[in-house]
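Labels for the chains are A, B, C and D, by order of writing; each one numbers its residues from 1.
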Amino acid sequence: MTSNERAATLLRGMLRIRRLEEKLIHLAEDKTLIRAHYHLYVGQEAAGTGACSALRRDDLVFTTHRNHGHVIAKGGDPFRVIAEIIGRRDGYLGGRGGTFHVAAPEIGIPHTSAIVGGSLPIAAGTAWAAKLGRSDRVTVVFFGDGVMEEGVFYETLNIAQLWRLPILFYMENNSVTPEERPGRGSPTSSHAAKALSDIPRAFGIDTTILDGTRVDRVARAVGGLVARLRAGEGPLFVESRTTRWPGNYGSFPRLPGGDTEIGWAWDQAAPVEEVREWHAKSDPILLWARECERAGTLSRDAIVTIDREVREEIEKAAAAALASPPPDPRAVLENAYA
Amino acid sequence: MTSNERAATLLRGMLRIRRLEEKLIHLAEDKTLIRAHYHLYVGQEAAGTGACSALRRDDLVFTTHRNHGHVIAKGGDPFRVIAEIIGRRDGYLGGRGGTFHVAAPEIGIPHTSAIVGGSLPIAAGTAWAAKLGRSDRVTVVFFGDGVMEEGVFYETLNIAQLWRLPILFYMENNSVTPEERPGRGSPTSSHAAKALSDIPRAFGIDTTILDGTRVDRVARAVGGLVARLRAGEGPLFVESRTTRWPGNYGSFPRLPGGDTEIGWAWDQAAPVEEVREWHAKSDPILLWARECERAGTLSRDAIVTIDREVREEIEKAAAAALASPPPDPRAVLENAYA
Amino acid sequence: MPERVISFAQAIAEAVEGIMEEDPRLQLIGARFTGHTKSARVMDPIMERYADRISWPPISEIAYCGIAIGAAITGVRSVVEMSTATFSYEAIPQIVNEAAIVHANSDGRVCAPVVFHVLYGIRGAGAAQHSGSPQGWYWSAPGLQVAMPATPADMKGLLRYAALRSSGPTVLLDHQRLMEGFGPVPEGPFEIPFGQASVEREGDDATIVAASIQVQRALEAADVLYRDHGIAVEVVNLRTLQPLDHATIARSVKKTGRVVVTDESPEDAGVASVLAGIVASEMFDSLRAPVKRVGVLPVPVPYAKTMEDFVTPRVERIVAAAREVVGR
Amino acid sequence: MPERVISFAQAIAEAVEGIMEEDPRLQLIGARFTGHTKSARVMDPIMERYADRISWPPISEIAYCGIAIGAAITGVRSVVEMSTATFSYEAIPQIVNEAAIVHANSDGRVCAPVVFHVLYGIRGAGAAQHSGSPQGWYWSAPGLQVAMPATPADMKGLLRYAALRSSGPTVLLDHQRLMEGFGPVPEGPFEIPFGQASVEREGDDATIVAASIQVQRALEAADVLYRDHGIAVEVVNLRTLQPLDHATIARSVKKTGRVVVTDESPEDAGVASVLAGIVASEMFDSLRAPVKRVGVLPVPVPYAKTMEDFVTPRVERIVAAAREVVGR
């Protein structure tokens, strides 16, 4: 891939997530489409997109309640993702799982837990199976900083290190101020460690801190880590830092500034005040667009075109998902027991 | 207390545990008295005795499946401890709990869990209550190195530190070789940390490493830590290292060298080979007897006399426990629900 | 004097306020009792007023439940708000292996009066991991009390009893879909001691035994049954599963001879089956028809509304069951 | 040809050896299937032979159960030996919130065939925390299969089915007090598919429905009942609670009209009550007497032998219950 192609691919990947999730907020106005609270990946797109760009299709990914972005980043079809979230037959899980559980077994996301920490040991298990089978498939498990409050995190870390499993623990610390993103880390109200990265290090696990708003750096760093995992140097740990998007507080996401406009990349004063600083300093998509333009890998026109294409793609996907029928209720009786 | 009195008290305290537990091994030959596997504190007496010597009666202590020694050290009555272990009415719990659960609410051991890690959060809870009530009571929770494999350990450590609880985490690492007892610690087959003490330190908790076979040092060190806890400097953490007694492998303790002879303190070649080195290098009682004699705080005669008195005390306690009747089965129906 | 009518969520707020006021040592661990509902804000004033007695722990269910147990052992009671019932699975070792046994294991000398509050059941789009119904598990953990209020008054009286008067640990299960339901609730403080069922509606043709949201559904079913089929059912609101008020159930079954048991837990091996078993063994001689069970179809709860409705023990399924036992 | 007779513990060893041989990818996590019994050493040769396919994890139940689930999802089956059943409570979030839902939640696309092996029940001096009986919980966790072998042949056939053939997760509960019991076991490999109860003894006067150790106690009770009271009971060995063989129970109940259900779990809200509820709702028309339940008295299991015996669902209690339903 040329650096231009690469720039475009990363931008397109992130935009696909952003546009899909903005669309969800619009859909959620109809309470019959999204009936309860749900979690968006807005602001973290660079992490999932960058990390998954370093993976093969047969590598495994695990995610959380905040899964939409990871499924798209691993190659998920927006149509089937939206259909799942609105509970339709063409969803990846036939509408059984919904927003909490979006998964896509055919592209390496076999099971998504919405329990805090629920995916961690399962991910260690797929890594264990790969090691037993002398396969070089790796497993990446994405999870939030909150998982470090659950005991299962420590048990999994310990076994992964004792058994030297080919797994990347990709921790997304998504409440870091822009100023602190590059720093060592600071204590939080819910974890006693001076820096969260002290914890995996105490287990002897090699740990990398990344600015999770920088898609290119994430992609390169994870590329290197994945190569090490394939070479048997696992487990490895990443702390990836992002800054919370103002629409993402509380249980029901809002769009305080409306849909993101790609032009804000150059017109940083344009967004409403509530989101202005966030888009300027912490929006991974606008940061990347700006960087690509500056570096000359993508022109403004190219960027605008990619955005338009993605918006069209998502609109089509949403229309198809809305046209998908609700699942036949009796089907639940068939699949309860394997 | 004079240093002679102190020496005698610590020796007597440790011997009380040793003689009681040796007696249990003899009693266990009758399978109707001890019907299943049980855990002894032989070799760890200095830890419990030294640590509890620094506590007040109203301080709280929590222990584990390996609890006999802690209950005695906190001031438990050998008669009621033995009665509990053989399931008799005069046991501390009326025979309901048995060896796994020996507790003594009246002296600050309200509930004993035999689940690995089970006591930790409960102990944090009594510490929390003390803090809320502006009391200077402290809580000491004894637990094994194996607890660091359970997630509840980390969750409790984290909250204890976030809430600054007056609790001493007293971890008994009981499988350390004599040579490694003073060292930094080394990786085990079941924990990935290079040194177990790296873990509490990663949570920002002040951590002390002690040779748990040295009763005097334990007593002094814990005395200092408890004073700090009373001053609001909690939580604190101790790693206390002992070396496993050869009779303590497998599920059913044995007495490979017969009852400990106090004279082995000076005649290190006397024990049978299987236990000879252990008694010479790792038996906290013989180490203390030797040290007291050398320091002149206790004469050989005084040591032998203390031992004889303790043996008589335990014989009497055992006889009384054997004379205690089995509990009335119907009583179980009364206390199931509070 | 006209009865005062408030919502279930308001009754929670009133109950929490009342207990916080009465016992100045009482602590809350978490305080979002009303979940992700329209009534979420009802707790705001209390969270403000009692901020210094509310702890917001990390996401560490097993630890903070154990902490509440330890505090209770040394005399500080707390109410632990755990949010979704499935999160309490993380704490089962503490709730079942510890809290439940403290009293018995100490030969009655030590008590652990903690209230574990959870939101159970099919809340709407909760899917497999946010629709759990563990009431049957906790009921079969000897030493634990299990309360399941059906009305705003139940809620206020049961929480107060559990938090202030009971000496034992209680799992109190609420249902999000009850939050906006209204009912008469006395203004002042009052308690509903455990083990006292109430007959919410009298009838001669059949008995519906239920707790929590199934009482409300049973009452709706009773209207339909009477209006459309001339069937008069009696509705027994259990209020607590443990202790269970066998006498009130037996009295009603003796009168009607026909029983529907319903609970929003798995139909095959959940609470409805247990209750049917109790009726079959203790009240067999009164029975004139098979006991009918209405529970959650025993599958992991699905997300899509069509499927979710299908597995829910809805009013129509209760109506159908009652018609079957009555035979018309 | 005379039948070959081996102990339950030997049957476990044979079963484990057979599955390790047949599926060269199969893993064991832990391997002390026979617990703290006289038969503990029976696993030694297997632990030696297959050392490279046995993992000894840290004391991290929730993690190693989850690891087994993950491995199963990508095609590596394992049998997880968890020792005492109460330790499995630590792993309930993985067993119930994850393993159980993997298949349903993926709309049938993903499978997690893991066997979770535990030793449940009153083993003798296990006290409150080493005598747990969670079979009812796992049964009421939709998506999980629950197997409870009663005989050495059951053990061999059920473990083999669960480990090699089933596509779903199974909790297999063994009882330490069965280990030294003997019974005929075919030499070669064989499987007992789930959901097939067996009638261990025929009789016309009453049906005893049981699994695991309660089958053995029921058979002893049957001897006493016949010898001392002329009562001929039929003993139904369920083998699996989930799936449950309703047809075999119904056939027997139809014949006898009188039923005792027994299980070593709490009597009030455990498996015996659930089974009684199923009988009362599905087989009511055959019933000629109240269904009698014999379970563990619903208290935290005590340590002292006098108390422990008292709460155990012993042979004498089964005899008394059967005499009651028969009326002589």
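Here is the rule we use: a contact is a pair of C-beta atoms (placed from the backbone, for glycine too) under 8 Å apart; a residue touches a chain by one contact, two chains touch by 3 or more.
These numbers come from a predicted model, not from an experiment.
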Maximum centroid distance from chain C, chain identifier (CA atoms): B
Winner on C-beta contact pairs when B-D is weighed against B-C: B-C
Mean-CA-position distance for chain D and chain B (Å): 38
Between chain D and chain C, distance of the C-alpha-averaged centres to the nearest whole Å: 30
Centre-to-centre distance between chain C and chain B (centres being mean Cα positions), rounded to whole Å: 42
Interchain centroid distance [CA atoms averaged], chain A/chain B, Å: 48
Residues of chain B whose C-beta touches two or more other chains: 93, 96-97, 101, 113, 115, 118, 149-152, 155, 158, 162, 189-191, 331-332, 335-336
In chain C, residues with contacts to at least two other chains: 58, 60, 62-63, 86, 90, 93, 97, 104-105, 127-129, 142-143, 242, 298-300, 302
Residues on chain D engaged by chain C in the complex (per definition of touch): 86, 89-90, 92-93, 96-97, 100-101, 104-105, 127-129, 132, 136-137, 139-143, 241-242, 244, 261, 265-266, 268-282, 284-285, 287, 289-293, 298-300, 302
Footprint of chain A on chain C - complex, ascending: 36, 56, 58-60, 62-63, 86-87, 90, 123-130, 297-300, 302-307, 309-311
Chain B residues within the chain C interface of the complex: 60, 93-94, 96-97, 101, 103, 105, 110-111, 113, 115, 118, 120-130, 132-133, 151-152, 155-156, 158-159, 162-163, 331-332, 334-338
Residue ranges of chain B touching chain A (in the complex, touch as defined): 149-155, 157-158, 161-162, 187, 189-194, 198-199, 201-205
Interfacial residue positions of chain A with respect to chain C in the complex: 32, 34-37, 87-88, 95-101, 113-118, 146-147, 149-151, 189-191, 251, 326-333, 335-336
